[in-house]
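The following blocks contain the structures, represented as structure tokens.
Each of the two complexes below includes chain A, the first together with chain B, the second together with chain C.
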Partner chain A sequence: MTGNVIVTHQLRMRFGRHVVLDGLDLQVPRGSIYALIGSSGAGKSTTLQILMNLLRGYQGSASVLGVECSHLSASGYARIGYVAEGQEMPDTMTAGEYLAHWRPFYPGWDVARERELLDLFRLPLDRKLKHLSRGMRMKIALASSLAYRPELILLDEPFSGLDPLVRDEFTEALLAHAEETTILISSHDLAEIESFASHVGFLDEGKLQFSEEMASLSRRFREIEVTLEAAFLPPKVPGSWVRTEAGASVVRFVETQWDGERTARAIREIFPQACEVTVRPMPLRSIFVTLAKAARKAA
Partner chain B sequence: MCNHTPVIPFRVQFQPGAPLYEQVVYAAKKALLAGQLRPGDPFPSVRAMSTALKINPNTAHKVQQHLLNEGLLEVKPGIGTVVAKRPASSRAAKNELLQEELEQLVVEAKKLGLTLDEVQAALGNHWVRLDGGNGGK
Partner chain C sequence: MTLVWHLLRKDLRHSWIYLAAALCLLLLSATTFFSSLFSLWNARIGGYGSQGIFELLQIAAWSLLCGVLILAEPLPGIQQYWLTRPIRWQQLLSAKVLVIALFAALPIAIAHVAILMFRGFPLTGHLPGIVWNAVLLAAASFLPVALAASISRNLQQLILWLLGLGGLFFVLRQWSPEAAPSSEWIVMDVSLFILILGAGAIITWQYATRHTQAGRVAAFLLIVLAGTVQRWPASVRFGLQRAASPVPVDANVARWRVDLGNTVLQKSTPETAWTGARILYIPIELEGLPEGWTAEWDAWNGIEVSADGDTDGGAAVRKPPTISRRDSQSFVALPISKDFINRHANGRANITLGTELVLYGPAQTMTMDVNGTANLPGLGRCQSHTATELIIGCALAIHSAWNIRGQWAIGEPQEKSPVVLTVPETRSPLALLPSLSPLALPYGGFGATSDYTKGQIYLRLRKPKAYVHRRIEITGLPLY
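Up next, the complex of A and B:
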């Protein structure tokens, strides 16, 4: 089955007078690893909580796996996994009891997979949850969510406060199951997810400022530097050139629709006197900054 | 069942900008031509590549397809994907893999106004320095 696993349309949510989501249109394609990026307070957790029907009172529409979120019930929950930073857990249970507690709720619970995850995570099953580190608790939460083979898994800032080793194991478990699951992962840090996310969306001021496939982002952005014999700022440049800055004999800009041949031709036309042109691929972080600035400017 | 981490027989230093998929293909080709992966050796599965390199399974799948299409890998029924038998890698093929780095070196050197002799001398120094006891082979 293809299509979108999550669809929100003009989703609005406010807490008192504070508007958190202001017309969010989010589409998460089936099979994707979708990274929802935004600073703290941008509304990422609110979005995920609405999707899980943990927060009521939204306006607009939001659906997961074809069901409107406010109607999500047990049969829906059996197909969705959810792990949130610092989520509440029954502290007096041991890790083993916690897993045993959840097992009967999920018809699809796969004991072999549960064991595989426990092995990978080296989880101490006899220890009480309150005595476990933050990383261990997150790993138990992930193991209990992956064990029933959910079609969709929502992860709310899962890496926050985890040490690099735990983060690595967490990612490994996630990727080992990524072929059969759609993953929506929220994060304030792009670097955490850039190697494995397939799609990325930027949430700011209650809206999705942009949403795109990672591969196309890195393909279409280039930082270009033109060295000239004398200072020259062209009166008009293509609309796809942004962040143009000019120094004494250097013009620098970001081409947002890079295409080797076409861009080279445009540069020759606009700077016939160029003595050198350097084209550099851009790190995702710089691409992001460029897009975020453009979005804010347009707003 | 033992709980081992699959070893990926090549390293990838991810560089910003270039598509991940191309970078992994490049690293795998280098390993193949350098003999770190020999004909008949099993090639990592999509899942093993994905989890070990922390890349999207679709990216890993694309890498595998690309190498299969180029005839560097083959599918052996019952075994999986293995490194294909092939004529000993030619010098030309090995050379090809360095083109990008060489071009970059030349560009940087020209920007700095170095001469070809100076670059060759610098290159020679590094060659000797990294050779250890290998006698320049």
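Up next, the complex of A and C:
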């Protein structure tokens, strides 16, 4: 089956006078690992909470697995896994009891997979949840959300506050099951996401600035350095250039629509006396910082 | 259903300590009830002694259990672990209700059965009453706690909500004017009915929608509504009582006849304790009662004294009239303010007095040995007991309202018996609450001492047939 497992159209949400989502149009393709990135307060968690029918009172439409989010019920939840930062857990249960508690609710609960996950995470099943570290609790939450082979997994800031080892284990578990599911992950941890996300969406002030495949994003962003005898800030640059800065002998900018030939031609036109042009691909983190700063400047 | 049992077992595993504490207290409490009927009286009226303490502790333990059960899956907030799981709210709520039914209401009912059997009451006929009491007890004791828990995120919030809502209810009840004793049972029943029904509805709604803010507002409004029933106009309260009449009667049954004769309001009428008024004695008589029926004045509902379009707004309102009987003639003693009389000297007054009456069917007289048992009509098996007081306890039974008046004498009952049971009461089935005792103890007497351990109690039982509103109307009464 193809198509989008998550579709929102003109999704708007406000808390009092504060607009959190402002006409969000989001499509998450089936089978993708979609990273929703954006600065704090951009509306990432709110989006996920609406998708899980935790928040109501939104305008527009939002559907998950073909079901309008406000109508999401037990049968829908049986097909979705949700792990969020700050999610409360029953402290008096042990890790083993927690997993055993959920088993009967999912017809597709796979005990063998549960065992695999437990082996991978090395979870202490006999300890009460309240005595476990944050990392352990997140791993239990993930294990209990992967064991029933959900069609869709929503992860809200799952890496926040986790040590590198736990992050690796977390990512490993996710990737081991990525083929059969769709993952929507909101995170600040861009380096982690970059290693496995297939799609990325940038959310800023409740609006989706772009949404595309990771490979395409990496292709079109370049950090360019033009060396001149005497650097200057040109009065007019192409709209696809952002963060243009001039040093003593260097002009730096980010090309957001990289196309080797076209970009080279534009550079030659604007800086005919350029001595040297250096082009570097950008990691996701740099792209995010560039876009966030550009958006802030525009605002 | 399998998942409901799964949830129930989970709740039992995680709240067993609260459950065990509540069951232990029930056991201790039941054990004390095995001892004597007098201990039940103590527990009921005084709240002192071990029974009273156990009773309070039991309520606290069951309430805590109820709160812990609900808070295992808190409803407010969006970060709760269970919200994004395939649990249907109906399953969750059913599991909670089942725990309360099986591990609170049922043990209470079983304890009641055990106590009644120990005391020699036959179970036949009493089981429905025991079940009814257990259900009511669970509903009245647990629903308000469950309501507070359903709008709380944790135990601290639950305690705050309980204190807040409970305090508000208490303040409203204190602030509300005292309802007439005769309509107190209506106020109690309506208040309880509103609480049970409203709390049940809000809890269900909260489980179905988790609109916590709205739920909190609804809970607040519910408490205000239930706490201010006493402020409802007398016409509404007594209207409800009239609607509860077992037998419909028409307007010709029980009419007031006023025989003014030469009655006039004299300026020389003696002053009352309240110096601003004079008393007018109006001879009245009640007519049209069916054979064997009796009627008792219950309360005033609408008093108006006027002359030439001017109303006496003071005396009769501040000091309600009384009805007395002298030389086989009944009188209404109606206070009228002196100012009003002075304003309308030599004028004529119009008087309307609205009365609420209880009409009783033919009385039945029963005798009962002191420290013995008897089957009282409508009340079931009852036992009497003397110690420092005489009390009569009746096993729980679903019964309609009964009125009882009794005398106790070594020989035949005399005018001055050593004991007269306390003010005859009319009780509705809901009035069994909120005792944890398996015996309804509606009738207590004063004046007996441990010397009186023999003899018989003579009881006069009457069943209320109807509650009616009748007006005493006097027009053109000369004022001199």
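In this section, the second predicted complex is superposed on the first by the 230 of 299 C-alpha atoms of A that agree within 3 Å, B and C clash if a C-alpha of one lies under 4 Å from a C-alpha of the other, contacts with A are read in each partner's own complex, and residues count from 1 in each chain.
The rule is short, and it goes like this: a contact is a pair of C-beta atoms (placed from the backbone, for glycine too) under 8 Å apart; a residue touches a chain by one contact, two chains touch by 3 or more.
Note that the coordinates shown come from a computational prediction; the quantities given were computed from them, not determined experimentally.
A.B. asks: By the touch definition at the top of the document, which applies to A:Val289: first (chain B), second (chain C), both, or neither?
C.D. replies: neither
A.B. asks: Going by the contact rule set out at the top, does A:Tyr82 touch chain B (first), chain C (second), both, or neither?
C.D. replies: Once the two structures are laid over each other on A, A:Tyr82 reaches chain C alone.
A.B. asks: May I ask you to decide whether A:Val237 touches chain B, chain C, both, or neither, giving the answer as first, second, both or neither?
C.D. replies: neither
A.B. asks: Quick one: classify A:Val19 as touching chain B (first), chain C (second), both or neither.
C.D. replies: neither
A.B. asks: Touch check for A:Leu175: first (chain B), second (chain C), both, or neither?
C.D. replies: First partner only, chain B.
A.B. asks: Is A:Met93 contacted by the first partner chain B, the second partner chain C, both or neither?
C.D. replies: So A:Met93 only meets chain C here.
A.B. asks: Contacts for A:Leu65 in the overlay, against chain B (first) and chain C (second): which applies, first, second, both or neither?
C.D. replies: neither
A.B. asks: For chain A, which residues count as touching chain C in their complex?
C.D. replies: Spelled out, the residues of chain A in touch with chain C are 49, 52, 54-55, 73-75, 77-78, 80, 82, 84, 86-90, 92-93, 97, 101-102, 104-106.
A.B. asks: Could you please specify the touching residues of chain C with respect to chain A in the complex?
C.D. replies: These residues of chain C touch chain A: 2-3, 6, 10, 13-14, 72, 74, 77-81, 83-88.
A.B. asks: For the complex, give me every residue of chain B touching chain A.
C.D. replies: That would be residues 1, 3, 14-21, 46-47, 50-59, 107, 111 of chain B.
A.B. asks: Which stretch or stretches of chain A touch chain B in the complex?
C.D. replies: 31, 33, 119-120, 168, 171-172, 175-176, 178-179, 195-198, 215, 218-219, 276, 278, 280-285
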